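Presented sequentially are two complexes of chain A, the first with chain B as partner and the second with chain C.
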Partner chain A sequence: MGKIDTRVWLVVIAATLFVCLAYVPAIVREGDFVLAVSDVFLYESMINGLLLGGVLALLSLGLNLIFGVVDVVWICYAEIVMLGMYGIYYLHSVYGVPLAIAMPAGILITAAIGYAVHELVIRHLLDSAPINQLLATGGLLFFFQSVATLAFGIDFRNLGVSLGSFPLTEDIYISWSRLAAFAVAAACVVFLYLFLTRTFMGTAIRAISQDREIMTLMGAAQGRLYLISSAIGGGLAGLAACLLVLQYDVHPFVGLSFGPITFMICVLGGLGNMVGGFIAAFIFSELIALGGYHFDLEWGYVFAFVFFIAMMFVRPEGIMGRRS
Partner chain B sequence: MKGLALPFVFAALLAVAALIGIPSYPLHIMIVILIWAFTYTGWSLMGRFGLVSLGHGAFMGVGAYATALLWNYAGMTPWLGIPIALALAALLAVVVGYPCFKFRITGHYFALVTLALTEVVRQTVIATRDHTGGSLGFTPTPKGNDDTPGYIALQFDEKETWFLIAVLVWLVGLLIWRAVDRSMVRNALDAISEDEDSAAAAGINVTWEKLKITVLSAIMTAFGGCMYVQYQMFVSPDTVSGIGISLQIVFAVVAGGVFTKFGPTFGAIITLLLAEMLRIYIGTDAVGLDNAIYGVALVLFIVFLPKGILGSIEDAVGRQIGKVERSRAAAGSGARGA
Partner chain C sequence: MLTLSNVDAGYGTFQALFDCTLEVNAGEAVAVIGPNGAGKTTLMRVISGLIPARGGRMDMEGRDLVATAPHRIVELGIAHVPENRRLFPRMSVEDNLRMGAFVPSARAAFSRRLEFVYDLFPRMKERRHQFAGTLSGGEQQMCAIGRALMCEPKLLLLDEPSAGLAPVIVQRIFELVRIIREQGLTVLIVEQNVQQVLRVVDRAYVLEAGSIRMSGAAEELAASDEIRRLYMGL
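The block that comes next holds the complex of A and B.
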C-alpha cells in the first residue's frame, strides 16, 4: 500500500515537473500562454527527446543486465560502445565492408570485449568490495580511451551514412536513424524479456541474480552464466554502437558524453530492473531535450543530473527497484 | 613529532635545493606534483574510510573557478576569493553529503551520486560559457606589471616562490592527515566503515562523523583547485571537473596507497612522472599511452595490490619486523624457560 502510494506520487510529481519545464520558461520569456503552448518547435524537441530516450534505453539495457546479474558497475560500458562504433566505422569506411556485415561484426567485437572484461578482470574481483570492482572498470575506461586515441587518433570521424528524415507535420521532421534506434531499443527490451522469462538460460540467469550462493549450491554454473551475461551485455553495447554511429561522430572521448547518464539511468530505474531503466531513460531524455530547448544542451544535462541526485535521496532503490 | 620528522627534513632539503637553484623544468614538475599530492591527500581522507567519492572534480572545479571568476569579474584578491571558494565547496559538500549520509547512501550508490555531482559542475561551467569560457577554458587576468603587487594577486613570476608555497601547502596537507589519523574521528569512521549499524548502535553519530570528514576533504580538494589555477593561470572544465579528473584522483591515490600518509604523494609522483617521461621520451606520437598504462596499472593494482604500492611495501616491511620481533620474543621466553 505504502509502496504504491509513493509511486503514484512520483508519477504526479514527475508529470507536473515535465509540464512546468515544458511551458513555464516560454511563458516567462514571452509572457504569452497561447504562444508558449502552440510552439511547434517545443513539440519537435519533445519528440526528439522521446527518440533520444530510445537510444539511452538501449544503452542502459546491456549495462542493466550486467548490473542485475553480476552485480558489478561497468564504468567503462560507454567506452565499449565507443570501440564498437570505431569497429563499424573502420570496417565500413576504411575497408569497404557493407554495413549489413559491418554492424553484426561490430556487435561480435563488443560481445568479445564484454566476455574478455569479465574473464580477465571482473572474475578476479567478484569477492572484493563493490567499490574496487567499480574502480577496476574505471581503469578499463582509461585503457579503452587511450587505446582508441593511440590506434585511431583524436579526429572526429563520421560514417557518412545518413538515413535521412521524414516530415511528421509541415514543421516537424523526424530522423529515421533516431526512429530506428527507438524501435530497436523497444524490440530489444521485448526480446530480452522473452529471453529471460521463456528460456532455460534466461531462467538460470534470473535465478542466479536473485541468490548467488544458493543457486551455486543447487548446481548452477555461476561462472558460465556470468560470462554469458557479460557477453550479451557487450553485444548490446555493440547494438547501441550500430545506432549511435549513424547519428554521431566517433572520437575516443565520445563515451564520456553519454557514459555517466547511462549509469544514472540504470540506478534511477532500479539496478537490474529493465522496465525501470526504460522509464528512467525517457525521464532523462525529456529533461535533456526540454532543458536543451529552452536553455542550453548543457543545462539539460545539469537538470538531469540534479534530478538524479535528488531522486537518490527520495528513492535510493530506484523508481521500480526493491531495496536490498 | 614522530612520523613527521621525515617530511620536514625532506621539505627543508627541497627548499634549500630550490634556493640554490634548480632548472625551471624540474622545479615546475615538483610544484605540480606537490599541489596534486595535496589534493590527493584530501581525497584519501575520505577514501580510506570507504567513502569513495567520484565527485571530487566538483569541489576542485568550484575552488578553481570561484577564485578565478571573483578575481576577473569582481577584482577580488585571491586572499578573499579563496576563502569564499572554500566556503562554497564546503556548502556543496554539505548539500550533497548530508542527505547522502542521512539516507544511508553508501558503496557504489555513493560513488554514482558524487559522479553526478562532478558532471553537474562540469556541465554548468560549460553552459555558462559567456562568463567561464566554456570548454575552451578560462585564464585569470594577469596582474598589471605596475600597480598590483604579486602577493595581492597571488601571482608570482618566479618559480621558486611557487615552489616554497607548494612545499608549505603539501606539509599542511600532511599535518591535516596526521591530525585526522590521531583523532577520535578516525576511530569513529573506522568503526562506521566496518559496520554502520553497529557503529550507530554504539552511539556514534554516523551522519555527523561522515559529514565532517567530507567537508574537510572537499575544502582541501577545493584549495588544491585554487592553487592549481593560481599556478597554471589556466583552467578548463575537463582539467578540474568531470569523470576523467575524478577517476584520475582516485587512481593516483589507489596506486600510491590509500591507507598511508605518503601514499597519495607517492601516487602523485609516479603518475605525473610517468606522464612526463612518456611525453619526453616517446613524444607526441604516443598521446594517450600514459593513460593506457594508467588504466592497466589501475586494474592490476586493484586485483593484486589493493593497498597500493607504498601500502604494500610498508605492510611487507611491517611483517618482516613483526617476524623478527616475534622470533626475538620467542627466543627470549625460551631463554627464560631454560
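The block that comes next holds the complex of A and C.
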C-alpha cells in the first residue's frame, strides 16, 4: 500500500469517526435518527469547533515553523502566548492603551521574546543532544510561569472587552470574538503561505529545513535565518495571544490549557509539517467540540488525547509526516 | 583568479589536506583528479568555506577567503555545485533555482538569470514545477549546475558532476562544461572520470592522500604513463 493510499484511508477513518462522534450519541440518547441529525446545537458546536481550530492551527504553525527551521521543539511556546496575553492586558487595562495599539505591541513583544529565546538559549544548544534542548525549552516553560507569577500574581485577569455574539440562524449564535479569531488566524495562515512560497526569504526558510549546509553555499547566514524564524514564530504566538485574550482569562498557567494540545497537534500532523499541523488542528478541535457537546468539556479532551495516542500507534510519523 | 597557498584542512583530529598550493587563472578550466579519499571534496569545501582552512592562504581576485564568512564567499563570485548535487528535494525546480539567486546582488537579476538557465537547460523549464527529488540523476545534476549559475558566478566549482550517471548522460555533462566555459566562466572541477575530464580542461592537479602530487597541462597528463596506469586503467 502506497503512501497516498494510507492518507486516503486516514481521511476515511477520520470522517467516519467524526460522523460517529457527531450523531451516534444523540441517536442512542434520543432513539430517533431524524431528531439527532436535526439538532441545531450540535451544528453550533461543530461551528465552534471549526472556529477553535483556526486558533489552534495558528499556534501549531508557529511551533512547526520554528521546529522545521531550527530543529528544536519549543516546549515553552504556549508560555510565550501567555506573556503576550499579559502584555496586551497590562497595556490596555492598566495603562489605558487602546486595543488597536496594544495588540500590535503585544505581537512585537512576543516576537522580541522569540528572538531572545533563540539568541540567549537555543543558539548555544544547537550542537547539544536533543534531550538537552528539550530540557532547556522545558526549563523556560517553568521560568516563564514563575516570572509571570512573581510579576503579575496568580489572579485571573480579564480584558473586560466583550464583542458579543450574533445569530447565524434563529437558534445558532456565533460569538464575534471567536469568529474574529478564526478569520484572523485564517488570514494569517494564507499570508504565511504566500510568504513561504513567494518570497526569497520564505523559500529560504523552507529550504534550510531540507538541507542546512547547502543554504550556506547559497549565501544565507544560517544564524540569521534561525533568528528570523524564531522572531516570526514568536510573533505568531503574539497574534494568537491577541485572539485568545478576547476569549479567555489570563493567568500564569493559562499556557497549560493549550500548550500540550498545540504540541500534540504538531506531532499528529508530522513535526515540522505545516500542512499536516493545519489539518490536525481541525481534527483536534472538532473532537474536543463534539465530545464536549455530547458529554462534558473534559470528555472532549479525553477523546482527542485517546485519538492522539491511537494515531501514534498507527502512524507514529504523523498524518503528513515522512517515515525516516 | 583563485590562489591557494600551503592550505591545510581537516575534520576533527583527522587532517585531510596537507600544504596544498593551487592556482586557477581567469578563463581557465582546471581539474583536480585523484583516487577516492584523496581529499578532493575537502578541497572544494575549503574553498567555499564549508570547512575552515587550518593553515595557509586562499585568495579570490585578491580578497582573502580565509577571513571571509562562509555565506559571503558566494558574493565574491564563487558558486559550488556540491558532491551528490544536494538539491532541496521537496521543493520545485524553480524554487531550487530561486535559492541559487538568494544573495541580494543576484535577486534583482533573478528573472534574467532564470531565463538564461532555462535556455541552457530547456528540460528544467519543462519540469520547473516538479519536486527536484523526483528528477532523474542527470536532470538533478543540471538543476544543481543551474542553481549555481543563478548568482552569475565568475568561478564554478564542480564536485564529481558525473558521479552515478549513465555513460550517455556523463557525455552530456562534460559537453555542458565546455558550453559553460564558452560563456566565459572559470571552472574548477573535481572528477574520478579522469579520461573524460582531461579532454575538457586546460590543466589538472593530481591529489593523493591530501597532497598535490603532480600538475600540468591536460594533454601532458593524459599522455603520462603514470596517470594512464593509475587512473585510466590503461
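To be clear about the criterion, the second predicted complex is superposed on the first by the 319 of 324 C-alpha atoms of A that agree within 3 Å, B and C clash if a C-alpha of one lies under 4 Å from a C-alpha of the other, contacts with A are read in each partner's own complex, and residues count from 1 in each chain.
Please note the rule applied: contacts are C-beta pairs under 8 Å (C-beta built on N, C-alpha and C of every residue); 3 or more make two chains touch, one makes a residue touch a chain.
On a predicted model such as this, the values are computed, not experimentally measured, just so you know.
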A:220 touches, of chain B and chain C: first, second, both or neither? second
First, second, both or neither for A:136, with chain B first and chain C second: first
Which superposed partner A:29 touches (first chain B, second chain C, both, neither): neither
Chain B versus chain C as contact partner of A:200, first or second or both or neither: second
Dominant toucher of chain A (residue count), chain B or chain C: B
Touching both chain C and chain B, counted on chain A across the two superposed complexes: none
Interfacial residue positions of chain A with respect to chain B in the complex: 73, 75, 121, 124-125, 128-136, 138-150, 154, 252, 256, 259-260, 263-264, 267, 295-296, 298-299, 301-302, 305-306, 308-309, 312-313, 316
Chain B to chain A touching residues, read off their complex: 50, 52, 96, 99-100, 102-105, 107-109, 111-113, 115-117, 119-120, 123-124, 126-127, 242-244, 247, 250-251, 254, 286-292, 294-299, 301-303, 306
Chain A - residues contacting chain C, complex: 200, 203-204, 206-207, 210-211, 213-222
For the chain C and chain A complex, residues of the former touching the latter: 48-50, 69-72, 74-75, 79-80, 82, 86, 88-91, 95, 98-103, 106-107, 147, 151
